[in-house]
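A quick write-up on the structure given underneath.
Order of writing sets the labels: A, B, C and D. Residues in every chain begin at 1.
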Amino acid sequence: MRAIAIVGYGYWGPKLTRNFLQSDGFDRVLVCDEDPERLRRVTRENPGAGTSPSFAAVLADPGVIAVALATPVATHHPLALAALKAGKHVLVEKPLATRSADADELLRAAAASRRVLMVDHTFVYHPAVQRIRELIQAGDLGRLNYIDSTRINLGLFQHDVDVLWDLAVHDISIVNYFTPERPTAVQAVGSAHPPGPLSSIGIVTLRYPSGLFVHVNCSWVSPVKIRHILVGGDKKMVVYDDLNPTEPVKIYDTGVVAHTDEERNRLIYDYRAGDVFSPRIAPREALANLVADFAAAINNGKPPLSDGRFGADTVRILEAAQRSMASGGSEIRLEWS
Amino acid sequence: MRAIAIVGYGYWGPKLTRNFLQSDGFDRVLVCDEDPERLRRVTRENPGAGTSPSFAAVLADPGVIAVALATPVATHHPLALAALKAGKHVLVEKPLATRSADADELLRAAAASRRVLMVDHTFVYHPAVQRIRELIQAGDLGRLNYIDSTRINLGLFQHDVDVLWDLAVHDISIVNYFTPERPTAVQAVGSAHPPGPLSSIGIVTLRYPSGLFVHVNCSWVSPVKIRHILVGGDKKMVVYDDLNPTEPVKIYDTGVVAHTDEERNRLIYDYRAGDVFSPRIAPREALANLVADFAAAINNGKPPLSDGRFGADTVRILEAAQRSMASGGSEIRLEWS
Amino acid sequence: MRAIAIVGYGYWGPKLTRNFLQSDGFDRVLVCDEDPERLRRVTRENPGAGTSPSFAAVLADPGVIAVALATPVATHHPLALAALKAGKHVLVEKPLATRSADADELLRAAAASRRVLMVDHTFVYHPAVQRIRELIQAGDLGRLNYIDSTRINLGLFQHDVDVLWDLAVHDISIVNYFTPERPTAVQAVGSAHPPGPLSSIGIVTLRYPSGLFVHVNCSWVSPVKIRHILVGGDKKMVVYDDLNPTEPVKIYDTGVVAHTDEERNRLIYDYRAGDVFSPRIAPREALANLVADFAAAINNGKPPLSDGRFGADTVRILEAAQRSMASGGSEIRLEWS
Amino acid sequence: MRAIAIVGYGYWGPKLTRNFLQSDGFDRVLVCDEDPERLRRVTRENPGAGTSPSFAAVLADPGVIAVALATPVATHHPLALAALKAGKHVLVEKPLATRSADADELLRAAAASRRVLMVDHTFVYHPAVQRIRELIQAGDLGRLNYIDSTRINLGLFQHDVDVLWDLAVHDISIVNYFTPERPTAVQAVGSAHPPGPLSSIGIVTLRYPSGLFVHVNCSWVSPVKIRHILVGGDKKMVVYDDLNPTEPVKIYDTGVVAHTDEERNRLIYDYRAGDVFSPRIAPREALANLVADFAAAINNGKPPLSDGRFGADTVRILEAAQRSMASGGSEIRLEWS
């Protein structure tokens, strides 16, 4: 008997539950939530899933070999730590933790207990993101000059974290996936509307030793929804529009070229220098891929794409961004071993 | 005899020449350029325009009552100063100068000579921008929370100034037009691709006493062209897409609202909370409006929208942004009297 | 005990099942299909639903008061007739039948048995379509001049009906809902790719006594998906883009105006004559509205929007279109009593 | 001395004048119009052009070797005939004539006088259209199944011809350019809003011996502007969006494939079966290419792309469409020798 327990049945828990039920990686799917009304919803929506009101009971159950935490961000560290110490494999909703020290403690606990620690950075498993990474790794884009991400929409306020930990976390994990480099300088500014302690707009910039420059613009208060990532290489450039259902990835055969004065006039009518190619992106669901990767990591020992180290790197960058934002945008230096 | 002399016949000069020829604000239009080949182009393209190879001769000509400078940025200050001292009214291509001290000197010279000093911030005369300003002034948007501008495209490298002075100058002048407030804190970071002294990507943030937060993202190295400004008020929000030929301005009947947990799920499918209205924008050309405003200022003494003070404010903000960028993004404080 | 039985669990049956389960119009939901593998899928996907392999048994069950037919088009008439004669209320997937005589026989059977006969023209229940009908009924658009619909995409080949009965059926039902008028002249041409008896491209035009002109362009062989309906009134015009998630309905404050020669030039840059308004469309699911309307019709006797008469009118127009297409596009006249 | 005379200075004449002035194909450019006000406009706008108030004088002038007719459609035949008989080369604004017999007479006159007769089907010279034709000729699209064109916008009413002769003429000439085949069956219906003798909406379908099916939807009374041509081959498909400034041509690696039942469900989320490629289209102006082709035909004897035969074929198809429309949409058969 190899069961997975999803902990927390709020916004994300139901999605995880559905995907684990459809996966064949576990013999049984259990949902744990303290709220009896939510557990009734579990049974109604997923008759195949078991329920439990007690996290302690879940940890004590030897049939449960893994837990997936879909609880408020502040609880990620203590619950994940308890689960690892109880010998469970752990999948944590993003972010892994809110402090780098906490993330590191989880890494050590996972190593000590020889269990899988994985973070649910779903975008890393999106076929469009994976396709772009393949292009980068194959050298098709050349050297990366910049990544520019806009992730804005209306109203999904989080009550426990600001917009960096809610939205920029996606962009930073995507960037961490696109390149093995890690930023050595982080800056961030933000603004809260309505006024309050949690920023609803966040601007983050990252600098890398190679010269790569990353800019992230995220917002909860935009009247329009935009999810747009530009990746600029010195050979080609890519635009990833997550809201374009049929052509999410466009590859521009465009480099940076110097222009003479005469060419300048012409460019006004010709600001695109080459062909555009939009590869077909297979319509697999990212979360199903992630669930399969978690099961494979447990069964075969192959580290998942978004393992604990990957999640901890993301936390470290967000932590630095938060620190920069609190200081009014001063540059925070990071060293990576 | 009341003539206007356009100085410099490179990229912008021909546009000014055409608009001054079609305007009835002056009796005669003269183009001044040291390059004889360019002067032959003037005659071929604008048989109605006179030519002169000498700026000194233009200044000495009592029939010339005004000059319009369309010369490299570095020359704006010395040429404008000479023209004002020679008693000419002066229109300067944006930016007015590259140093705040120079801009202030021009303001003083204009006041001393009682001549019009105006800056060619063309966007301020664009009907879409004027319509948005009317909405703001009428209170339709409520209190301004943020302005978020993206102005990116490919390839129009300037050889004498960086992307801030070439592109962000537009956004900063638009923001200066939208609100009478001026920013008290300026930050900017940038990146140069290919590497060099002039940034091709610039990120600017401005903070205002009222809480208004402005973010500008400008780039010369994007494979796609985007000119997108969001204006977020606490009553309504506006999106200005300069590349949408039929609906450049959209007004969203959308405020920032707190959501209960239950509403959160629903919002995934309903992230727009209200109607959208796109007012008809009259297809007048911005540059024609600007030329008319310059002539009116000379004839009637009514200060133009983008007068010297307006242009000097813009220079001061850009200068601070440049200083911040040079220092790695530190906050520069500004005081406005 | 008041049960509904969904008959047929192929493409549409699962959607009906889910919606009937979420509705509170019936005490019990039963799915009937002869294929045991499909019945196993029912149980797996909808643990709350019962199953039955026999349509005869369903008809014989006095607890089943209504059936919803999601079976191949050719079976709609015989199965609906049997169900009505067995005293069941009947919801039929579109189209009601493939021959007008069959549709009329079903109308008579429903009248004789005093049961509800309803057709699943889902679009009629779509909030965007309902909003446009409200505008038309309120006189906001003025007199209707034309309706122009494009419904093209790739690959959903039906094996039993051609593109008219699969796609144009939507447009014709929407038009029938927008106006109480019925067309007195029908023409259609089509083309089959790959060659065969079933057209994959269909062009239908309808003419009305009032002067209304309707054009429908439907295709299974387009590389792009377009679902675009223009409604031209002499006061205002509406564009309904079913694929625009945030602004599906746009109302153009535009009438047909005569232009002088001089205005002609100007219009090249100004082909939109007025403001555009995009009302917020509530994100209710059309199928849930339809299911609720069916339950209300059974319980309260209020005829549903897409009742048997509505469905029979649609069949009659499609039948005429098919006849026109078979004759090479000759005009088919229709009289309506 | 080899002069070209542009006859008629209304809407199209100024564009021709500008292009002939910029071309080096003729020594002199003359504009002929009976209206003295228009001749004054010529001089103001094109100081390099001569003027003449008399068509007879132009024909009598031995220095004028060619005329370009930009006069009302009804005058094309008599003026072109007179010009050919006077020994001039002739470029006629589209359409060549309004009756096939008239077009044939012009062909004979051109042959008799050994002069170039060319029709201004500008789209044929558009780089995007030329690129698509190259794809077709190279066999990249496979066998052509269908061409579907939508050309709708607001308000450019012609006072002498209906929407077929004003708009569909473009689509029919483009189709004639894409394929050497000519249609053997033509059908058309239309509608007039406001009511009157000239249709403002026109629907044309063409059938070809090879099985090719062409559908054209053109309108003067649409609130939105759409210029969209789909070309469906059995190997690939192309979408040409004339209003997309950066990616006007998209090539879909998509054929028509049969689907099993199981694949059907999947397709709802995956209605595009392959990659998309958007070739860079050079920003040359179509009219400049056309003017160069006319000059080359005169100088080198190489027949222009849109020669008299090409224009006469287009007239013949439009004439058949008009006849079909007048008869209520009956099929008109055409034979081509």
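Keep in mind that, in the parts below, a residue touches a chain if its C-beta (ideal position, glycine included) is under 8 Å from a C-beta of that chain, and two chains touch if they have at least 3 such contacts.
No experiment lies behind these values; they were computed from the predicted model shown.
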Name the chain whose C-alpha centroid is most distant from the C-alpha centroid of chain D.
A
Counting C-beta pairs in contact, which comes out ahead: B-D or A-D?
A-D
Between chain B and chain D, tell me the centre distance in angstrom, where each centre is the average of that chain's C-alpha atoms.
41
Where the CA atoms of chain A average out and where those of chain D average out, how many Å apart are those spots?
52
By residue number and range, which residues of chain D touch two or more other chains?
224-225, 246, 271-273
Residues of chain A that touch chain C when the two form their complex:
44, 47-48, 224-225, 246
Report the residues of chain D in contact with chain A in the complex, numbered from low to high.
246-247, 253, 266, 269-280, 282-283
How about chain C: which of its residues touch chain D in the complex?
10-11, 145-146, 148, 150, 152-157, 185, 187, 189, 191, 193-195, 200-201, 203, 205, 207, 211, 213, 215, 217, 219, 221-225, 230, 232, 234, 237, 239, 252, 254, 256-259, 261, 264-265, 267-268, 271-273, 328-331
